[in-house]
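Got a structure for you, questions after.
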Amino acid sequence: MQSKISVQNLSLTYSDGVESLHEINVEVIANAVNVFFGPAGGGKSSLLRAFNRLNDLADVRHLSGEIWFNGKNILEPDTDVIELRRKIGMVFSRPVPLPLTLWENVAYGLLLMGEKRKNRLDEAVEKALRLAALWDEVKDRLNDPASAISGGQQQRLCLARVLALEPEVILLDEPTSALDPVSTAKIEYSLLELKEQYTIVLVPHNVQQAARVADYAAFFLQGRLVEYGIGKQLFVSPKVKETEDYVTGRFG
Amino acid sequence: MKAQRAALNERIINSLIKLAGYSSIVFVGLILIFLVREGLPALNDVSLKDLFGSRWYPIEGYFGILPLISGSLLVTVGAILIAIPLGIGTAVFLSEFSPSWLRNLLKPIIEVLAGLPSVVLGFLGIQIVAPFFRRFLDLPTGLTAFTGAVLLALISLPTIVSIAEDALNTVPPAYRQGALALGATNWQTAWGVTVPAARSGLLTALMLGIGRSIGETMAVMMVTGNAPVLPSGLNALFLPARTMTATIASEMGEVATGSPHYHVLFFIGIILFLISLVVNLTASSLSLRSRKRAERLLS
Amino acid sequence: MNLPEYSRKMRQVEVLGINLLRLITLLTAVPVIGIIVFILIRGLPAISWEFLTQMPRDGMRAGGILPAIIGTVYLTLGTAIFSVPLGVAAGIYLAEYASDNATTRLIRIAIINLAGIPSVVYGLFGLGLFVLFLRLGTSILAASLTLSIMTLPVIISTTEEALRSVPNAFRVVSTSLGGTRWQTTWRITLPQAMPGVITGIILGLERAAGETAPILFTGAAFFLPRLPASPMDATMALPYHIFVISTSVPGMPLQIQYGTVLVLLVFVLGMNLLATLIRNRARARRQW
């Protein structure tokens, strides 16, 4: 196992005074599904948004510590955040298709990079849609508005949109919370396939999902990392009482 | 290379946008600078005492602006006295008592009034309103401060109605429900609860209405009869008058650049600028305060 | 006084009060309809092809009003050239770029003030800066520049408002895919806000088209025997022409006066209607 992202002493406070992360130390393992789970408000999403510096858009008052990725601390001010976001893609909890066509949605990141060659774009779009298991369903209607497909399809479109950029890491923040069980299963299946090629960080929708897909798992409670370890072990025999209580459903 | 050029383009565009964002400050500054530059020399040409004298007769060198200031006040006060009951009454009716189909019909109509050029209203003032008042009130001329006030009321109504109605609409529904639950009728709720709760918004509406009235030029110039005399009593309302705005508009075209008359007209411009500054800052701080209070109450 | 009697009295007061409010509302709304219908009736007989396409004759007491129509079109377009890019860019700055700090608050105060400055003061400013200081003379250019600064606050505010109504999720997604602020604005938020922006532009230009005071000393001409040939020429304009023929030309036929007013009204209300149509259509089509 090889670490892809290494978090060291990360603390984060929003400008409304809410402390979201406190002294976090955690590793994201390459080519695996890394699950960050715990009750709402535990700081999982904040951590995810720190990985691709999406927190820059929010009102952050205090941010300290280090996040190492490809030999660089990405919290340094000289980080090329645009380049970083292309390498670390993100899928959000609600599917948000951009108000464009299906094709434009998938090609969006490449278009932003300045790629204008139609055949290259077409290839990339097809490849990404196939990876996200959406190609067969939408190949004949790529010029339709993206809002015209179903919610489950939209979320896979959002995944394809990230894959088109061929990132190294994919962050998924409760990607199935707005989806039906069938669509959820499709996304989970995709993740298991994708981890061969990509590093995946998933904030699961519930403990069951965490247990199903986790190679490595980290349990967050009120901004602190409570327990971190190999997925199977952590869910079967947690070492810390809070983790056990949460995993067995005593609170949550 | 391509990425570098894109980054450079982006930086240029971002700077241009920022520049545009700051332009409003620049323009307000420029307006003030040029008004002062052309208007302040008036204090060299005319003594302060004469400037605030009671006689405006530029041909003979009398530059007393008191009649003009009082003319503006007279017409504005008259307009506001007419516009308040109409404007607030209409806003209360639309927001508290009107069925929604009627509101959806009336609101665009009142907005159309806001879009009518003031010269059109001035024209109708000359053709219809002034002759009507001359006959109806048996005056020697219909071109009076009162006719100006009526037109100004019409002009400031859309502003007052739309802002007052917005203010009434932002009163939390819980207020109304609370009053109604205690057995108050709609009428009691409207005047006892909703209107007082929206009072700073209503004041904002009033302030902006005053602002529009004081600054209005063409309609007033066309119907007030252009007589720069100091009002002597209440009946001045039914005599010709002359506002600051009308004086600038009607005389600037004929003065020699750099003459005392020219400087004094710009000096009047400074006064108008300052009035609008005070009125608008008051209005915006009022509306800001009411928003903050609403947030506090609802949180 | 016993309770039922009191309550009956209250009831009477209420019925009276509500009817009074109805009357007041009627008093506010009826003049608008009255004005428009009246001008239509009195103005329509004057409208003919000749009236719209010919130069004035006999000291403007006969012939058409072509130069005034053309002048107003020129002034409106001239205003658009300056105020649209500047106003839209400033609206973009406020909605997409500016953070909530002292400078931004100063900008907002400046915009509120620009919106409140009397139109005749804009005229003075235009005279001082454009006509005299920059030596543009009384010209279409000077008048357009003056009108565009007056129009700015409307365009800035409506652009900002339209951009702010675009859901923030789009911005977050675009940023997460490597979009810069400008790319996100240009590809996503601005196109989505376009109907609102266009509505604001039209409403701003509508005001400019109907204004008289700002052009009095900056570009408006009492009478010109020929059409303006360059932006450095002065021009006739519909609003100023109405002022002239209704106050300064003795023996002016009423029909021509009403006809001219009607043309300006159609011009201005037509723009208003267009803005409303665009807004309603976009609302019906919006996917979010």
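By written order: A, B and C. Residues from 1 in each chain.
Note that a contact is a pair of C-beta atoms (placed from the backbone, for glycine too) under 8 Å apart; a residue touches a chain by one contact, two chains touch by 3 or more.
What you see is a predicted model, and the numbers here were worked out from it, not measured in a lab.
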What pair of chains is linked by the most C-beta contacts? B-C
Taking the mean of each chain's Cα atoms, which chain ends up nearest the overall Cα mean? C
Can you compute the centre-to-centre distance for chain A and chain C, using the mean CA position of each chain? Integer Å is fine. 48
Between chain B and chain C, what is the separation of their C-alpha centroids in Å? 16
In whole angstrom, what separates the CA-based centres of chain A and chain B? 54
Find every residue in chain C that makes contact with two or more other chains and list them. 180, 183
For a test of understanding, state which residues of chain A touch chain C in their complex under the given definition. 52, 54, 57, 82-83, 85-86, 89-90, 92, 94, 96, 98-100, 108-109, 111-113, 145, 147, 158, 161-162, 165
Can you list the residues on chain C that touch chain A in the complex? 169-180, 183, 187-188, 191-192, 287-288
Complex contacts: residues of chain B adjacent to chain C: 10, 13-14, 16-18, 20-25, 27-28, 30-31, 34-35, 37-38, 85-87, 89-90, 92-94, 97-98, 106, 108-113, 115-124, 126-128, 154, 157, 161, 185-188, 208, 211, 214-218, 222, 245, 248-249, 252-253, 257, 265-266, 269, 272-273, 276-277, 279-281, 284
What does chain C use to touch chain B in their complex? 10, 13-14, 17-18, 20-22, 24-25, 27-29, 31-33, 35-36, 38-39, 85-86, 89-90, 92-94, 97-98, 103, 106-107, 109-125, 127-129, 132-133, 149, 152-153, 156, 180-183, 203, 206-207, 209-213, 216-217, 239-240, 242-243, 246-247, 254, 257, 261, 264-265, 268-269, 272, 276
